[in-house]
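Below is one structure, written out as structure tokens; comments come after it.
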């Protein structure tokens, strides 16, 4: 069994995104997190699903732009891992089915480092035909 | 504890790359795999370390170009997740310390799908100063 | 107060794009220029707004392709500065509100250099929610 | 007259894509190929047109994902040559009129190399206005 | 003369980078800033010059990673505007001569937004031959 | 045998780059051209080889920057086709062996279109090991 130390905010987010239904995983410490699913050919819907989940679960404050800004760039970085070259889905005739996890906390010993956010995406990418797809994964990390 | 089903070649590779020292993880089925570490500011050294490990461990045949070609593109795709935008390290003044895993096998039920390869990278990326870094992860998958 | 020497076609374009309402700025020499505004989630509308303004104001000749070609690439280069990675707006759930300036003239002493074009964009980029945005700027320069 | 040796799968594909109406070109050996045309501002329609032609002509097997996967990446690589930077058409207000050719065969002496696929695209790219365009060409090659 | 309102952190940084020798420009409010010059074919030297200046002038705290991280991404975004496509200089046989400005402060009315950083680059880019160059400009903005 | 009409400056450049030793090809009309070879892991050496050949053969004027600028961007666009994603060679552990052709002329009926330049690259790309490579091709076109 894999241990996940507290300070590994990225590894924790990835483990959450890799969870199958029925599996559980305890985030160490007092970190915040949320999970969700999204399937789409529209990359903006992937972005929106993650932002909405993070706001609904209180991971980021809706009325503080810096928190949205931090999350947005973490999402975009995770999408680079998923798309591997061009951040495009339907425009290049492919679709994704993703589980996502967002984790917020301070992964460093120094309190001055404040909160960071990790966004992990895991699922499949491929043609819009069942079965013509393979796995994909992306991780984005940013200071809050 | 996370289950990893046989057909998840990408998830298996990621789990292998996430292993800490002393941890173990059994790859399901008759798949082949190898693991290693590489730290560098030169992206070509990351590519070379993975290729060398895959060849030494018999994951790919040295004298068949298609196998090198398949692995190369899987590595490049994994590097996109690690670098998130420009596949550059020292050129933009950053360095990586990575563990990598390469897994080879057929993740599909249909035997005609043949072998595929998954390359997972996990570690840290940041300034060439200890501590000024955060986690990073990339996954590339290709047909062999 | 900033001086803008004649030969700085890029600086001149940027200064024009930075003008607030009511401010004035005299372009040195016999250069041609036009200004405008565009707000959109569609990157092609940004391109179209600038091309249309440049044609209406006689900055480029409508029936000579080389002039459209020169302007198009200057616009695309300016968009790289605005988008910083992927030339995408709505596809990655963001929108822009931009002022633009196009300047045409020869910034070099040698007459053989002929005309060049500079496109400057300045404004905001962010989520499609008022206030969730920051400034952005791009400059593209091409020979005519 | 240009000779095209058997092993030049890329050159063969390019020659096929360069053919004007009424011209003929004999593919050497027992390679498979198909040709077609597509004009669009939607990059996904270019991808779809090539995939459909390749399937209809039996170049790739519809029910084996690895073959679709190999072709898809060859198409994407060819589109990089056509678009030269961002794989975008209408999103950046440009359109293409392309002839395409897909060739399948083993270009290497070693039988173990198996089949490879080459996708060549040739035509025009430019503004959605007749005449405001220039030629463009792309070639993608992948192991099958 | 152009006014620069306090909240325009990007515009302020650009104005500072556009200053010619002997010109002065007063940054509004209690914002921090520094300026400098760098010329190089090595993109990592541009990054290093800006980071060093920001640390020496106390714009960012050396021992708090989040501040280095924030600045680094602002620099990278500014370099996108300068390089317009591939963040490469000598690798594609071109060189830059740049003036840079870094500004730190809160450009929003809400105190919770905290500090942001703006990096502006202005100068020339071109072949490593005097005169074969044109202007270039980039702006990157990030939350601190 | 393929016909190449006068106005196809791109097709002409590609045909020149595809020529094997001993083959001949007559460029139609009064266009200028030059050919050459370059093999390297350094992308800047590819750029330099083409620029040098174009200058030595009088395709572009050494002392007029706009001509260097036009050629440079045509080369960069051709390199996009060759590299298909990141304009990198040795940095991602690959090398090229290329033949190149540069053609200059007016491909349009309207004399006002003036001269354009086409750069075609054809050869192999792959690991720095003989035989571990496949063909590659790129075409860049720009107004002069």
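In order of appearance the chains are A, B, C, D, E and F, and numbering begins at 1 in each one.
Everything below uses one rule, namely that contacts are C-beta pairs under 8 Å (C-beta built on N, C-alpha and C of every residue); 3 or more make two chains touch, one makes a residue touch a chain.
Keep in mind that this is a model prediction, so the values were computed, not measured.
Here chain A and chain C face each other with different sets of residues for the most part; under half of the interface numbers are shared between them. With centres defined by CA atoms alone, the chain at the far end from chain D is E.
The interface at A-E recurs elsewhere; of C-F, A-D or B-F, the pair that shares more than half of its residue-numbered contact pairs is C-F. A comparison of the C-E and C-F interfaces places the larger number of contacting C-beta pairs at C-E. Among the remaining chains, C is positioned farthest from chain B, on the basis of C-alpha centroids. Centroids of chain C and chain D (each the mean of its C-alpha atoms) stand 35 Å apart. Centre-to-centre spacing of chain B and chain D amounts to 30 Å, using the average Cα coordinate of each chain.
Computed from the mean C-alpha positions, the centre of chain D lies at a distance of 20 Å from the centre of chain F. Under the contact definition stated at the top, the residues of chain D that touch 2 or more other chains are 65, 69, 76, 85-86, 88, 91, 116, 134. Chain pairs that touch one another are A-B, A-C, A-D, A-E, B-D, B-E, B-F, C-D, C-E, C-F, D-F, E-F. On the side of chain C, the complex with chain F involves touching residues 61, 63-66, 69-70, 73, 108, 110, 112-114, 116, 142-143. The touching residues of chain D, when paired with chain A in their complex, are 42-44, 47-48, 51, 65, 68-69, 72, 76, 79, 86-88, 91.
The residues of chain F lying in touch with chain D in their complex are 1-3, 8-11, 14-15, 18-20, 23, 25, 77, 80-85, 107, 116, 118, 120, 122, 134-141.
Residues of chain E that touch chain F in their complex: 85-86, 88, 90-94, 126-127, 131-134.
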